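If you scroll down you'll find the structure; I have some questions about it.
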Amino acid sequence: MFLAKVVGTVWSTKKSPDLEGVRFLIVHPYDLDKEPTKNIVVVADRLGAGTGEMVICAYGKAARTAIGNQDMSIEAAVVGIVDRVDINENISDFRLPIADLKY
Amino acid sequence: MFLAKVVGTVWSTKKSPDLEGVRFLIVHPYDLDKEPTKNIVVVADRLGAGTGEMVICAYGKAARTAIGNQDMSIEAAVVGIVDRVDINENISDFRLPIADLKY
Amino acid sequence: MFLAKVVGTVWSTKKSPDLEGVRFLIVHPYDLDKEPTKNIVVVADRLGAGTGEMVICAYGKAARTAIGNQDMSIEAAVVGIVDRVDINENISDFRLPIADLKY
Amino acid sequence: MFLAKVVGTVWSTKKSPDLEGVRFLIVHPYDLDKEPTKNIVVVADRLGAGTGEMVICAYGKAARTAIGNQDMSIEAAVVGIVDRVDINENISDFRLPIADLKY
Amino acid sequence: MFLAKVVGTVWSTKKSPDLEGVRFLIVHPYDLDKEPTKNIVVVADRLGAGTGEMVICAYGKAARTAIGNQDMSIEAAVVGIVDRVDINENISDFRLPIADLKY
């Protein structure tokens, strides 16, 4: 799953019939870079996530479970709206801790 | 799912027999960069998406649901043609909002 | 699914028993860059694709459908050999068409 | 599957109902670069992995198996806490060993 | 599927119970770059692949088929040990062969 910020909405009239009434958001996945990527993902939402909110998103069967129906043309969805994130580690320590790694 | 622009078409005569009559498009996924990537994806389509149109595409089971048959050799498909996209957030705010992140 | 060029072959004697007799190709996925990536993928093939040919490849269940058996250790396969590709859009127009995007 | 370091925790009150009581961690996948990427992934955990520990994580059905229920909105999970990693190869030898590769 | 070199081993005592007795390798996926990426993947193995050997690896259901049980928390596995790889194409020809591509 990934952490993302809700940044917009997509409207589609001509779509797979099973998607009638589904809300589609555009989200931006977070990483820890100072310069964020500009990647975007389209996710279905039935939790009512608002623009600017941080959400947890999932792909595949997990996304369809969150929307409530495995027979929908949905591949990504909001599974939770985030209250709080704690990052407890120093990012500069993110290297594989193997002393004798031969570069 | 991802937002993409329809940029072309692929024709194939010699293919998995279950794909007879399926329309294959080449789409280019959108991101928010000023310099777009040059990534392309092949998607099945039965919504009649035209070149230049913006579409929502899905992978896996969701794609086969949109085409209507789980027993086809299809892994990606158009699930909706986009009417409108609203991006409401300032892209420069796309960093993880954790004040004490130790870089 | 993705467009790729067949660039080689892989031989393996010691393998998952269900893979006996399966032909494995090395393919290189295409993008639209002037400087191509050097990414390679191993795909199963039963359409008889030859070195240098352009193919459509799929992952997951779609790949196993193309090979004809969901109980094989196959995760990627050729689903079609390409006759022709038409790209009708100017690549420089590949940015998200949102006028007021705040960078 | 991927090797990762546990770097934080995510709290969510408003979520898919099946996720009640699930613990969500933020992990950072390891690679062998001197300059690590800043990629992060959200994973479910029921092994009790602590911040700073190295874990093996999996996506999809394997993740739901580790959490114990295929009907949960979970797409990634800790499947093992790592005791030790041995890297026995010199990283500078990581090129495809084909002598006559034409660049 | 992907070609990779076995570069190490991972040991885990505290893990999903279904993984008892499974051997976990660290592999490095090959591409055709002169400067290899430093990406690593954790794969299950029951073919007995040794450090330094080249293997074919698969994700998802195909990986669990190779290990022999769909109810294990396994998402990637060795499906074959490579005897030989032939690359027959000149890497500089890896661009999409469309004459009038408008850059």
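Should a chain be cited, it is by its letter among A, B, C, D and E, assigned in written order, with residues numbered from 1 in that chain.
One rule holds for everything that comes next: contacts are C-beta pairs under 8 Å (C-beta built on N, C-alpha and C of every residue); 3 or more make two chains touch, one makes a residue touch a chain.
Given the structure is predicted, the values throughout are model-derived calculations rather than measurements.
For the pair subunit B and subunit C, the fraction of shared interface numbers is less than half, so the two copies use mostly different residues to meet.
The geometric centre of subunit C is 26 Å away from that of subunit D, both derived from CA atoms. Measuring from the averaged C-alpha position of subunit D to that of subunit E gives a distance of 16 Å. Contact with two or more other chains is made by residues 3, 30-33, 60-61, 85, 87, 89, 91 of subunit E.
Interchain contacts close the chains into one ring where each touches exactly two others, per the touch definition above. The cyclic arrangement of chains, taken from subunit B and going next to subunit C, is B, C, E, D, A. Across the interface of their complex, subunit E is touched by residues 3, 5-16, 18-19, 24, 26, 28, 30-34, 36-44, 51-52, 54, 60-61, 64, 70-76, 85, 87, 89-92 of subunit C. Listed in rising order, the residues of subunit E touching subunit C in the complex are 1-3, 30-33, 47-48, 56, 58-63, 65-66, 77, 79-89, 91, 94-98, 101-103.
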